[in-house]
Amino acid sequence: MIVVEDLHKHFGGFHAVDGSSLTIDRGSITGLIGPNGAGKTTLFNVIAGVLPPTSGKVFMDGEDITGLPPHTLFHKGLLRTFQIAHEFSSMTCRENLMMVPGGQSGETLWNTWFGRKRIADEERALQAKADEVLEFLTIEHLAEQKAGQVSGGQKKLLELGRTMMVDAKIVFLDEVGAGVNRTLLNTIGDAIIRLNQERAYTFVVIEHDMDFIGRLCDPVICMAEGRVLAEGTLDEIKANEQVIEAYLGTGLKNKEKVGA
Amino acid sequence: MSNPYQDDRGNKDASITNPKGQGTLTPSPGTRQAMDTAKAFLVGDSMTAGYGNGPDILHDCTIAVDEGEIAVIVGPNGAGKSTGMKAIFGMLDMRQGSVRLDGDDITGLSPQDRVAKGMGFVPQTSNIFTSMTVEENLEMGAFIRTDDFSDTMAQVYDLFPILKEKRLQAAGELSGGQRQQVAVGRALMTQPKVLMLDEPTAGVSPIVMDELFDRIIEVARTGIPILMVEQNARQALEIADKGYVLVQGRNAYSGTGKELLADEEVRKSFLGG
Amino acid sequence: MNDTMRTTMLFAGVALLIAYVGFAQSWNSALLIIAMGLISSVMALGVNLQWGFAGLFNVGIMGFVALGGLAAVLIGMPPTEGAFSAGGWGVLSALILGAGTIFAAIFAVKKMTSGWLRTMTVIAILVAGFFIFRAILDPAVERIEVINPAQTGYLGGLGWPVLLAWPVGGLFAAGAAWIIGKTALGLRSDYLAIATLGIAEIIIAVLKNEDWLTRGVKNVIGVPRPVPYEIDLQNDPAFVERAANLGFTPVEASTLWVKVLYILLFGAVLLILLWMAQRALHSPWGRMLRAIRDNEVAAEAMGKDVTARHLQVFVLGSAICGIAGAMMTTMDSQLTPGTYQPLRFTFLVWVMVIVGGSGNNLGSVLGGFLIWFLWVQVEPMGLWLMNLITSGMAEGSALKDHLIDSAAHMRLLTMGLVLLLVLRFSPRGLIPEK
Amino acid sequence: MDFLNAIVAFANFVFIPGVAYGSQLALGALGVTLVYGILRFSNFAHGDTMAMGAMSAVLLTWLFQSWGISFGPLPTALLTLPFAIGFTILLLLGTDRAVYKFYRTKKAKPVILVIVSLGITFIYNGLTRFIIGADDQNFLDGERFIIRARDFKEMTGLREGLAFKTTQGITIVTAVIVVILLFWFLNKTRSGKSMRAYSDNEDLALLSGINPERVVMITWMIVAGLATIAGVLYGLDKSFKPFTYFQLLLPIFASAIVGGLGNPIGAIAGGFVIAFSEVTITYAWKKVLVYLMPDNLEPSGLVQLLSTDYKFAVSFVILLIVLLVKPTGLFKGQAV
Amino acid sequence: DGHAKEIKLGVLYGFTGPIESLTGPMAAGAELAMKEVSDSGMLLDGATVTSSRGDSGCIDNGMAVASAERLIAEGVKGIVGADCSGVTGAVLQNVAIPNGMVMISPSATSPGLTTMEDNGLFFRTSPSDAREGEVMAEVLQERGIESIALTYTNNDYGKGLADAIQSSFEAVGGEVTIVAAHEDGKADYSAEMGALASAGGDLLVVAGYLDQGGAGIIKAALDSGAWDTFGLPGGMIGDNLPKTIGPDLNGSYGQIAGSEGKGIETLIEMAGDDFDASSPYTPEAYDAAALIMMAMQKAGSMEPGDYKDHILDVANAPGTEIYPGELGKALELIKNGEDVDYVGASAVELIGPGEAAGTYRLIEVKDGENATIGFK
């Protein structure tokens, strides 16, 4: 589905992504893990067209999509969420979702003047859909709230909700879980699995929560210092010495002192 | 809606402009859970608060932490955890309730006065100076200190080695997890008497999270009370002396970390099973 | 309901102010305020489209307004006898060549790989093109400008009905905006602002100095009107009689009638534009723009072509300013490039938008009327203020004289005070965005 | 010899005026850039703040002159600077209290502050004209030249003269000193860093114990100093006229933008970019070429790329080109 | 009926804007004439004349037209103004003609206004720039100047004047090395000076305004040592210039519309300390107001429609010559049915469609003052 070939992204002299090559299979839920600063988000940004690569290529279904702007990729079915929530703060949560689908006839000026009927019909359908998503995310009570004024976790939920508004082929989730309540995260995990199974979405998931990764992802790719460190099932990865040293660690040293 | 004049973009929380956390000083009657807050080091007592002219977000909510203790607040998204932290820090309009620090009523103090009183806080979002270098961020953490803080800085660098590497880089150019480390580092630089952390581990890798928790425990053991909000609730509660579960702005459960972890109901509804 | 009430009250308030001018000064003044208020509202609407909808900080309004004015001249004025045959072709070919040079340079940039060779080629193309351009243009211009320089000395216009100039003015502005947008819309906030400001200055510099086009600072006077001339009306017995029946003197009746006609024309334009803007704002299109304004990166990731939308809005908003500019030049019936000053044509319009309430079309209209009213009425207010202040002072005292003499300077001061007061009590504008 | 003449002609008509004008713009741009960098809005009132500051210096100069106080070869106005700055500080702090503070606490959008500052401009402008009138005021005294063109010719025997005015010298020196001080202040001192922190993230600054009102106050005080110095130096070099100070705003903003808003070094660079693009592109090279070329190749025309009518346009074209290559200015400015 | 009537005259100048420093004295000049007439009690059986000021902004058509409408609304019977040629045209077309209002501008000198359709309502007491060009060319030739560099303020006045000077000077065999515009009120004139100096020339002629860019140009020229004498057309003649520039200006020369001594000197004396009557266009302003009032007397009516046809009568010979301070006498003469020839402060002689024929006072700066050295 997505093939990344020897991708480099340099910031000045710093090599944030330093020759990563990876393949994401259609229909998989691929986990992307790695220490802070490994270059995961940067990799996403390059694939999604937010940043131009220094060198290297990205293919989607065999088509070279390197450097295409994000909005074009969106229409090709590539969606992504942001690690640091990018809500439309002065719009209500419902509007945040309703704006997502592409090709709305009301997005053409001409129709706004002379195609009111059609727009009204579309809007009704959209609103129903948006409300459904809000409900799923347990934030239906926030439909009319400005997105700038909801809690940090709720913003992350909106991030995710946006990807649920359209039929995507591949969705890149950048730490949707950070800051989201774990019970809800489980529900989200279920939804991801459902979307994957029922609608054949492909997912790439960055997460630092190993339980979450473990429940959803196969395969898992671990990055470090801009390169792919290891690839495989989570158990394989967990057993990898390098991964343990760079990323997983060995647990709390001071734990025994707790409650002492 | 909160503030009609406000620029909704970016991190401009209007509520913060409230120069003094006004509010009546009469503590309201007890919460559902009997809590011994009288002699706690830091206590937000029966707080009722909201943003601007908006509705109450917190309802008669009490949070307290004692010397050398780690208190963890958990709860669903939008429960009011961050709001509670901000209320304790005087960043929004307290409509009822009081905040006491080491026996003093500080309900009327401005946030910067609370900093001077020795409170340190890491907000959940926008918690670094993006245009300043990592080192300058840490220096800003030590802004109110007049002594030599190079030791503390060395400690922070020790804790988060990556920051030392990046110390001359603008903090806005860091990865999500690195930013989080800067944010916590900044708060540690204050050498506060009490430390408040809003989701310090969101987005940090397991290994750093462990380090962070280790460090938090260490800090706590030096006698500094720590109040934190966590979604990595199970790990957090494991090290917590005290846990609060907030639901819709109210204290729903509280107890020791172990107790909460053991509670089936709590586990299922709030800790993800 | 409450909001509608407030809006209605505010409009009623402005109407009252204007009516007051009608009673206390003259209806001619009042109607003139309405006419200019309509034009101002149209401009404010254009700016609101750009800023309020899409967050584009355009401070080059003056340039687009001036281009509209240029259209009025080029459409409305009669052609200058012999000017075109003297130098028209020369000018045209020079312009085509100039455009060709730029395209060649762009082509070179696109097709060649970057490196010093490309840089040199581009520079060579531009420099050579520039000199050939000047070599063709200068003599042609000279030939045009020697034709009766005191009266014409320029190409003249097409001599078509001047009403046509309004849409054409919009097109001119839109064309310029398209070019600017293609190059400069990548800039953010104040950088875009100063870039547009600069471009406006460049447009004005061209209008001021290219005499063959607009007579430059010598001004084009007597642009034909779409409405009858007062004098003709006064000499028309039927009109005079009708006026007399209504109890007006011919002079009064003719001056008022002409203004009423202008108001009807301008009002029609404003209403159409307002309707279009309102519909666009309250539609998925408007929602998309707000999303872009809030967060471009996210909007882009959600499949919205931010660049294209920005360009669209920039062009539309500028076109509206161009239309307003053409309307204004039509009413002034002259183009005086020297009068285009950023303070009057850019910042005043911004004040209208902000005071009215950015992001709200009705707010812009209200702001247009209110601020224009103040702009012209604040002077008598200043004088009145000064007289009030000095009323207690001894006749002929130096301070009193100084104060009265300074009354005209008080216009800006009073304007500033009013502005601050309005924004103090309504910091998001009189009719804020919801 | 001819070569020397060419160089002197160039220096006299392009280089020295360019440097002096560039320094004037730079000093103005520093004020603009500082307000933008810390209080985060484009302060339109800066030109008229300069006028206010300069006006107080003019009035004080007259007072000093009437007392018979002078500053030897240097302009008396320099002696009045501290007092004039004091006055401007009071003015700005008063304005902040009365006007800006309200919008700051309301967290108004920057554009509202821009429009508000436009209102302040009107008021300052009216006040200046009201107090001192709309006319030119010449308040320069002391030695006008460091080198006069005539003296230079006699001294060197060249055909071209080189003039260097005292005011130009003072302006350049001051600009250098001020920018070094400012840079040091912002980047190395605690107050300076706290100002940058405040501008970056106001809420977090509070949480670090930074007192926002103090930051704002210091900012306005520095701005007052910069504005007064810039205004007085400009007035000494040209002459004091209220209207020109408003007009000066445009090139000043252009300078601040080219350099990158919020960046003091950028302001300096921007000032020179704008000044030199005005002076050089429209320069008629005839005089220089006449010296350089052999007689038979002497240019017949003026060898002028564009007429001076377009000097302003040219500087904006350069500005555009710079921005197209570097969208936030030469030195990576901020953007709200 | 012997009852004291009140007549209002509008004074429409750019009290704010680029020539704001000229308009104060101009308005004072016009108002002085009104006061003189009121005091004399001779106009239309003892009418008093008061002024009503309006701001034209000099370059803001919209404002000028609005101000003019306001003046009309206040019931003025004539307008002294406007000042700058651009707004004058706008007010004429949009307000004066439709309302049948007489306008006499003291300072709009654009040749374009000569041929503008005006229904006999527009006059000016200043000559068209075309004439000044000829005078200046003669002056330069007499002084043996062979080449000049020419800079003008970039508006219709400056451009028109520069065109006139250039063509006249070239017609008498002089060379114009460069014609460069300068914008008023700009921060810096180094660029202009660079170009001008490079072009060279015996003399730098500055067709600008003395307290606008003109002064800046002269400063820049002196500072860089490019020129030390200057040719000064009317807009540059005024006390302010020697005052701001200082002794370096000595030896520069030029001309300004103005008549042989008596008229202007009387006016200066009359003005005393109140205002500077020698400020540009101030005499013309006085004359403009005086003309309106005398024409009213001649027509025996204060209605513009009645007196507009008498303006040329009172302005030109035959008749008794009238100077400033003699307005009362003039009104009396007119009342008695005698002819007057108003000379006024600026040697008014209206030609063609009602503009001044133009006598010029030749000026040279000596010892820091404008000294009159002849007339042309």
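Here the chain labels run A, B, C, D and E in written order, and each chain numbers its own residues starting at 1.
Here, a contact is a pair of C-beta atoms (placed from the backbone, for glycine too) under 8 Å apart; a residue touches a chain by one contact, two chains touch by 3 or more.
All values derive from a computational prediction rather than experimental measurement.
Counted as hops between touching chains, the shortest connection from subunit B to subunit E is 2.
Least step count on the touch graph, subunit A to subunit D: 2. Per-chain Cα centroids separate subunit B from subunit C by 53 Å. With centres set at the average Cα position, the gap from subunit A to subunit C is 46 Å.
Taking each chain's centre as the average of its CA atoms, subunit A and subunit B sit 27 Å apart.
Residue positions of subunit D touching 2 or more other chains, listed in rising order: 103, 106, 108, 110, 129, 134, 307, 309, 312. Within subunit C, the positions touching two or more other chains are listed as 208-209, 294-295, 409, 411-412, 427-428. Counting partner chains per residue, subunit A shows two or more touched chains at residues 89-90. Residues 48, 50, 69-71, 74-75, 79-80, 82, 86-91, 95-96, 98-100, 102, 104, 106-109, 111-113, 116, 119, 122-123, 162 of subunit A are the ones that touch subunit C when the two sit in their complex. Subunit E meets subunit D in the complex at residues 18, 20-21, 154, 178, 180-183, 185-188, 190-195, 197-200, 211, 215-216, 219-220, 223-226, 240, 243-244, 246. Taken in their complex, subunit C has these residues touching subunit A: 276, 279-280, 283-288, 290-291, 293-295, 297-307, 312. For subunit D in complex with subunit C, the residues that touch the partner chain are 36, 42, 44, 99, 102-103, 106, 108, 110-112, 114-116, 118-123, 125-127, 129-130, 134, 246, 250, 253-254, 257, 261, 305, 307, 309-310, 312-313, 315-317, 319-320, 323-324, 327-329, 333, 335-336. Subunit E makes touch with subunit C in their complex at residues 15-16, 20, 24, 53-55, 59-63, 65-67, 69-70, 72-74, 85-87, 89-90, 93-94, 97-100, 110-112, 114-117, 119, 130, 154-156, 158-160, 163, 181.
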